[in-house]
Amino acid sequence: MTPIWTHLVLNLGQVAFILVFSPLVEGVLHRIEENIQGKSGVSIWQTYRDIWKLFGKDEVVSEQSTWVFRFAPIVAFVMPIFVVLLIPAFTAYPLFFAFMGDMVAVGFLMAVSGFFVALAGMDTGNIYAAVGASRTHMVGFLAEPVFIMVFFSVSYVANSTIPYFVTATWGASWSNMLQPTHLMVILAFFLLILADEGRIPVDSPAGKVEIAMIGHSKGLEYSGSSAALMKWGGASKLMVLALIFVNVLVTPWGLAATTQWTAVLSAMGLVLLKLLAFVVILALVETTLAKLRLFRISEFLAVAFVICLFAVSIRLVGIT
Amino acid sequence: MMAPVSAIMLSIDGSIAALFVIFGLGVMVSRQMLASLRFFMWQASALTASALALAYALQAVNLLWVALITFTTKVIAVPLVLRWAAGEEVYGRREVDQAMGIPASVLVAAMLALVGWFAVAPVLPTLHGVPFAAINLPTGLIMVLWGAFTVAVRRESVAQLMGLLIMENGAFFGSIAIVHNLTVIAEIAAAVDVPIVALVIGLLIRSIRRVTGSTRVGTLDKLHER
Amino acid sequence: MNADWLPVLILLVPLSGALLALLNRRAAPYFSVLAAFITLLLGISAAWHVEAQGPIHASDGLFALDALGALYLLPVCFVYFTSSLYAIGYLWARKQEQASDEAEPRYRQYFPLMNVFALVILAVPLVANLALMWIAIELTTVFSAFLVAYEDRAEALEAAWKYVALTSMGAMIALLGVLMLYYGTHAAGQAPTWNGLLRAAPHMSAPLLLLAFVLWLIGFGAKTGLVPMHTWLPDAHSQAPASVCAVLSGVETSAALYMLLRIYPALAANPGIHDPAAWYMTAGLITVGSAAFMLLQVHDFKRMFAYSTIEHMGIILTACGIGAAVHEQGTVYQLFAHGFTKSFCFFAAGLAGIIFGTQEIAKVRGLISRSPAAGWALVLGTLAIAGAPPFALFLSEFEILYTGYSSGQYLPTGLLTAFIVIAFIALAYQATRIAFGAPDNIPEQHTAPTIKIPRSSLAAMAIAFIPMFVFGFYLPAPLLHLVHEAALMLEVPA
């Protein structure tokens, strides 16, 4: 096949990669957390069964809701698919859609999906979903400067905003990898993942108390295939952020350098291993920290912001 | 010092310095005293790591001793001394409040970092043959300034003690890049000085707690001109 | 005996005094006085040796003593001796005079701590290495913390806390400066001592030296009590017992000032630093001015003497800048005389405190009629510290002002004169308020048995009076020579 067709197939393969493996990632994360807490935990394939079950059920939709309510799960499901087309999932070279958008576009896509989901939460009149939506927007508003600073520092170092080129820059040499800006950006981005994905210490993913939910109240009103799409979309979003973290920032190696299917398959395996390591670390961090009180979240994100600012200023004054 | 150092070691030292600053920020903004102490221990570990990295890169045996002495006194001895001298005050999980909120403190810290950077900037070009000074010296001065700010803005005695300790960390961090010939006596004495200071301050905290019933020294203001 | 051993001996004697005081509590005061007396004799002989035969260099390079160090060493030894003598009776009398329900003061720790405290102050002029000097200065804070908090009251603990926090903060800032100078002297191929610094200074990079100096000014300035880092000084020096205050005010703040003075020739020798004298004059004048105005509104007579200490530190710093172009004799003589004079003032203040049971100026009246010795001592001490003739400080202040006017530096010298005059007025006013007047404001609990002034304290005060008075009009020739030599060390090499 000509390179263009190969790239297209690989790009679509990335989408399949996300859709197939994201419930597994979520299942493994859940299982590890419960094991650390001393419980035996549910099976790691449980999320697949939940999604399958939900697709088979009927939907109940409130009469007071509008088209936003019905549209939001589709947006939430599709957004990670678009994002994964732009980031290096298992190849080191840019693929067919790679130049469709850069990191700023990634941020924009996430913002669009968050916008619709939050609006849909307020759409039905359920008080808990509305409270959760407003809190999500608060956290998002505070996390926005951090996102921008991360993108800015990363692109400042790499002289480009395309994720593939950023990967190449970090992986170029050990002195690039170990520079302080890199370390600070990793730290800040990890804190961002915790905030954006609603993990402890920002929000409790396993909690069922609606009044304490921040981001996880978005799925309260959905049922049937909408609920399945929301669940699948949420898991895909976590996997996409994790992919950006491990492939672009932390370990920019091990990605396929050629289009040979052996290289691609081994790269997929390596990426899954890296995701496993990330999930383990995430589980450890989550189980050792306590959930922050709501008004302390601004301090948490302020620290992330300062770390990022520091990273940029180190680079700006040209120490290393 | 005449041989050029590898870029990798520069990057490693830079990352250690960045971690040093982050831990210092952690000491400044920690709400619990125990968290402050833990961040201080991590910061002292970062100081040790930097000394080891510089000892390897510059082939300076003296810095190995510095690393060993720093680790022993600051990571091991100081927490033990504090536990003995003022255990309930430090190891009780209590919240510390501050005169300035955390976001405002962080902003002031950022401004102090700028001040420190611009104070050191004219000195750096004149330092010849000291490759790591450009990383360590500004970091050290910034940490000294942040420590002074912590002492000034926190109202709690243990937090002020942490401020003093990170100032000492900063002074040493700044100097390991430029001073390689500190006599052993001076090094040991300066290092032993830290647990002694911690001891005296711990005992003082205990006395303050016994006499006034709390350790919030920021509220002690009976002595002033009327 | 071989003079090279003198520095080590001078340090060993207080150490053994401290150990003996730990071993035998009852005889501790007497061991202290004995150790202090021996130290005084050793100090005088060391200074004599330096004056006659030049600086002492111990063979292992750890210790050294030169003229300026010897001139500073003398008041330290003397105040150590008189304060130890004074403390014998004073501490007992103070315990009697305080209300019985207050907590037991730390009597048992006083004498060992005092001896170690004196040891580390003595170490400052005696050690050769800059880093060891810094350690000595930091240790003075550490060992005097519980001397300031001698009485277990909330105010004393507050004063001790502020003292330790602020001076340690200053010491850490100065540490970075000391280590930068360490690098600077090493890069120029010299040893990290005062001589090495002076030789290396013309070759050091100006920004490095300037940054190190600024760190010293802030760091050691906090320890000296320069405004605006002075806030701990009135508290610490008013809450500590008078024998400790004498050492703190008389010689401990001077230790940090000594460091600031000795870096001046290095600054002047470096071609890249413009007008270091202006730095000293500005810092000094701000301090003197603030202290003079604060003296006008003080309510407690020990705080009054503490502000006077701040004022004198400022005067010495300003004098260093003023005399840079001419000669520094006034500066070094003021450093020398201040130790004796301030300790005498605090001895008198301590006795007044015992007699009245309070330190507030508004509550004490007619001290002279109640106790002529203490009353006259307070009046004379206040006049002496304000710079009146025929006391030693008058000579030094006159010398400083004369140097300033004769070299044409009218503005700084004029300001200095104005501030000294304001301080004089304030001090004299407060002293007359305390000493004269009818003794009608007697607190009730003192109508019954009047506290007798302990004889040891009176003796100490009388001994302390002698140099303060005699050096106001007569300096023995060796001492005069020593002053000249010390002043030469501060002057700019031509």
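Should a chain be cited, it is by its letter among A, B and C, assigned in written order, with residues numbered from 1 in that chain.
One rule holds for everything that comes next: contacts are C-beta pairs under 8 Å (C-beta built on N, C-alpha and C of every residue); 3 or more make two chains touch, one makes a residue touch a chain.
Source: prediction; values computed, not measured.
Engineer: Assuming chain B simply isn't there, give the groups of remaining chains that still touch in a chain of contacts.
Structural biologist: Components, chain B removed in thought: A | C.
Engineer: Relative to chain B, which chain has the most distant C-alpha mean position?
Structural biologist: Measuring from the centre of chain B, the most distant chain centre belongs to A.
Engineer: Between chain A and chain B, what is the gap in Å from one C-alpha centre to the other?
Structural biologist: Distance between chain centres: 36 Å.
Engineer: Express in whole angstrom the distance between the two chain centres, defined as the mean CA positions of chain A and chain C.
Structural biologist: Using C-alpha averages as centres, the distance is 65 Å.
Engineer: With chain centres taken as the means of their Cα atoms, state the distance from chain B to chain C in Å.
Structural biologist: So the centroids are 30 Å from each other.
Engineer: Counting only residues that touch at least 2 other chains, which ones in chain A make the list?
Structural biologist: none
Engineer: Can you list the residues on chain B that touch chain C in the complex?
Structural biologist: Listed in rising order, the residues of chain B that touch chain C are 119-120, 122-123, 126-128, 130, 140-141, 144, 147-148, 151, 157, 160, 163-164, 167-168, 170-172, 174-175, 178-183, 185-186, 189-190, 193, 196-197, 200-201, 203-204, 207-208, 211-212, 217, 220-223, 225-226.
Engineer: Looking at the complex, which residues from chain A come into contact with chain B?
Structural biologist: 173-180, 182-184, 187, 298-299, 302-303, 306-307, 309-311, 313-314, 317, 319-320
Engineer: What does chain C use to touch chain B in their complex?
Structural biologist: Counting only chain C, the residues touching chain B are 62, 103, 129, 131-132, 134-135, 138-139, 142, 145-146, 149, 152-155, 157-162, 164-166, 168-169, 172-173, 175-176, 179-180, 182-183, 186-187, 205-208, 211, 214, 234-235, 238-239, 294, 297-299, 303.
Engineer: So in the complex, which bits of chain B are touching chain A?
Structural biologist: Interface residues on chain B, with respect to chain A: 6-8, 10-12, 14-15, 17-19, 21-22, 25, 29, 102-103, 106, 109-110, 113, 117, 134-135, 138.
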